[in-house]
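Next come the structures, one after another.
Each of the next two complexes has subunit A plus one other chain: subunit B in the first, subunit C in the second.
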Partner chain A sequence: MSITDIILRTLAEHGRLAADRSLIDDHTDLYQAGLTSHASVNVMLALEGLFDIEFPDRMLRRGVFRSVSSIRQAIEELTAGAASPPQLTGELK
Partner chain B sequence: MTEMSEVCAALGQYCASTAMVFAMHQIQVACIVRHGLGSQMFRDYCAELVERQMLLASATSEVGVGGDTRSSICAVEVADGIFTLNKDATTVSYGANADDLLVTCRRSVDAARSDQVVVLARRGQYRLDQTTNWDTLGMRGTCSPGYRLSSSGPAAQILPGSFADASSHTMVPYSHILWSSLWLGIATDAVTRAARFVRAEARSKPGTTPPTALRLAEVSNDLHTMRAMVRDMAREFTDAQSPNEDAEALLGMGFALKMNNLKIASSTLLVKIVHQALLLCGILGYKNDSPFSLCRHLRDAYSAPLMIGNDRIFAKNASMLLVHKDD
Partner chain C sequence: MPFDSTTLYEGLVANGLIIPSGVQGVFGRNAVFEEVLERFNGLISRLALNDGAEKMTFPPILPRQVFEQSGYMKSFPQLAMGVTSFCGCAADHGELVRRIEESEPYDDLMAPAGVMLMPAACYPVYPSLAGTLPHGGRLFDMTHWVFRHEPSSEPTRMQSFRVREFVRAGSPETVIQWRDTWLARGLELLLSLELPARSEVASDPFFGRGGRMLASNQREQKLKFEVVIPVISIENPTAVCSFNYHQDHFSQTFGILQADGQLAQTACLGFGLERVCMALFRHHGFRPELWPQSVRSLLWT
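After this line comes the complex of A and B, so read on.
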């Protein structure tokens, strides 16, 4: 499963988006799609668990969680340098 | 910010309601100045604001939403360049006396509750029908009853961008710092009265330290803590504005946590300080007509923890701390 798919599934599970899931693409503004700051925390937590990463303080900004593409960039940055590409270490429901 | 904070603290020593009106107006102006100047309409508006010295009020709280400023039920509708906006506002300070209003609402009728914008409604473009009274324990001078607002005007009066950014960049830090500053003013005057009381006691029996002096030392310790917090945050906010600082820092979670903590701590300390000062002055603090009266301080102080309920803010912090690393 690609990082993008994992992000989309995490958003579906924890993002509590008002917009239809099928309408979310790479650049959809997630906040306009109904992502609240509370829900974004749950998305971050789930992604931290799934990829065994920690978003540092500098990434805990609205801009970073604004779209699927910006979230993917953050995850790629945090997993860069690892021997293998980002792996799912947690379990997806 | 440091200067405005000093003004609020100074006004708060005499009349907390006046200080609150001043603070709220400044918060609204800051939202426009910091987020609206990309638009010609708002640039012209700012010039007019200064020239005509207009007073700006705020309608964020809404029936069904309460103090959760980051969600709205009402929505702005735009057709042919004209906006229409109706809101059932629970509390609008000096609403009846304001020139213009800044109103939060959903971006459109099909937008999510958290997808908000701010709309400027100018005098003549809105109608306020009073729905509730303002018969309160304290902060009476703010004259903050509920109103049903109906408004319509040029769509250019919708503040560019989203309220989410204006909120974390401006409205939250300005509110929490300026409110805390005026609360510091209330606390300062309460301690001044308590100190005067203790000194009068000491003068009547030179050579002995009155037992209340210990209490004074205690309450003045809390006042110093409160003052240090307020000044520290006002300075930190000012520093974050300097060009070599990362403006994005204001949008970060660390900064939001600090601002929230300032609000919770200063509103809690205020109630504690006024309470201690009252115990110290005794019945003369309890009387309305004594020079040591703390009745009004006490009544005003109790609004602070409720004005955006501290539990609500604690809940937000609790959620952020699950991912925020303070290291």
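After this line comes the complex of A and C, so read on.
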């Protein structure tokens, strides 16, 4: 499963988006799609667990969680571009 | 007088303005303190006179169900204060008294009372707005005791204090315009009392790492402003007035609609009444009879 797929599934589970999931692409503004501040925190915490990473303070910002693309960029930076860890598939429902 | 918390606290105590209780952040206020507080609150009433706000008063306890629904624990669990009560039988009562006499823990004999101490002055209003607002929305005015579990030796950081609060519910334009009007009014009011007030973008003390993100979101979106005055520090002035724009957070939670059926928005503003008094004592001295005539005439007319 790609990082993008994992982000999309995490958004589906924790993002409580108003917009249809199939309409979310790489650059959709997730806040405009209904992502609330509290839901973005849940997405952030879930991604930390799944990727075994910790977003540093500089990344705990609205802009970082604005789109699938910006989230992916942050995760890639924190995982130094490594492929998605193998344990991810099992943890996602 | 330097800007530090010990000097201010000791000055307030020495002049009898506050009466220590032995617990940090909990103290009494004497008649002089209370008169200043009421006079300042009266000035706010004069500013709000023609706004047509509906006055409301709620007791300082909030139904636990409303507290839970409001989402306070998602954001500020560290500040929440609950209420417990003894609900045991006669045998339990004997045990309760014995343990207290012997300084043993007895919390297991106490049960949740179904209410929480009021965390913020505006919280009881939102559930009462469930349904459709009239055209133009609604505006509320209240003075409430609120509670925050943050014991501190700083006199400005109290476990319980009074807030003069206004709440606006309506369309986004109505709510934002109202907030901006009061931001200007609040600043002008405090400046007229010869207090070096200024406004700034602010964030709430959200809990934990998620909280850092919530605070950053709040700042980026300019959802919270504060009017601040140096009281115990020049570098870190004290917030005496706070303006929160909730967007549709409470409307979604409690089902509050505009007259046209769209989700309403809400904002609130609160003056921390004790903090304003402390700012006045810090800047003009501990004896109001010696305050500048211009300040006295504003408050005592």
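By definition in this document, the second predicted complex is superposed on the first by the 84 of 93 C-alpha atoms of A that agree within 3 Å, B and C clash if a C-alpha of one lies under 4 Å from a C-alpha of the other, contacts with A are read in each partner's own complex, and residues count from 1 in each chain.
Keep this in mind: a contact is a pair of C-beta atoms (placed from the backbone, for glycine too) under 8 Å apart; a residue touches a chain by one contact, two chains touch by 3 or more.
On a predicted model such as this, the values are computed, not experimentally measured, just so you know.
**Q** So, on subunit A, is it clash or fit between subunit B and subunit C?
**A** Here subunit B and subunit C cannot both sit on subunit A without a clash.
**Q** With the two complexes superposed on chain A, say which partner A:D26 touches: subunit B (first), subunit C (second), both, or neither.
**A** neither
**Q** Is A:D5 in contact with subunit B, with subunit C, with both, or with neither (first, second, both, neither)?
**A** Touch status of A:D5: no partner.
**Q** Check whether A:S37 is in contact with subunit B, with subunit C, with both or with neither, and answer first, second, both or neither.
**A** Both partners.
**Q** For A:D52 in the superposed arrangement: first (subunit B), second (subunit C), both or neither?
**A** neither
**Q** Between subunit B and subunit C, whom does A:R62 touch in the aligned arrangement: first, second, both, or neither?
**A** The answer is both, since A:R62 touches subunit B and subunit C.
**Q** Subunit B clashes with which stretch of subunit C: 58-66, 94-102 or 202-210?
**A** So the stretch of subunit C that bumps into subunit B is 202-210.
**Q** Residue by residue on subunit A, keep only those touching subunit B in one complex and subunit C in the other, then list them.
**A** The answer is residues 36-38, 41, 44-45, 57, 60-63 of subunit A.
**Q** Using the touch definition up top, name the residues of subunit C that touch subunit A in the complex.
**A** That would be residues 71, 74-75, 209-210, 212-214, 216-218, 220-221, 249 of subunit C.
**Q** Which stretch or stretches of subunit B touch subunit A in the complex?
**A** 70-71, 107, 111-115, 162, 164-165, 168, 248, 251-254, 316, 319-320, 322-326
**Q** Name, in rising order, each residue of subunit A that touches subunit C in their complex.
**A** It is residues 36-38, 40-42, 44-45, 57, 60-63, 65 of subunit A that touch subunit C.
**Q** Spell out the part of subunit A that touches subunit B in their complex, as residue ranges.
**A** Those in contact with subunit B are residues 17-19, 31-38, 41, 44-45, 48, 54-58, 60-63.
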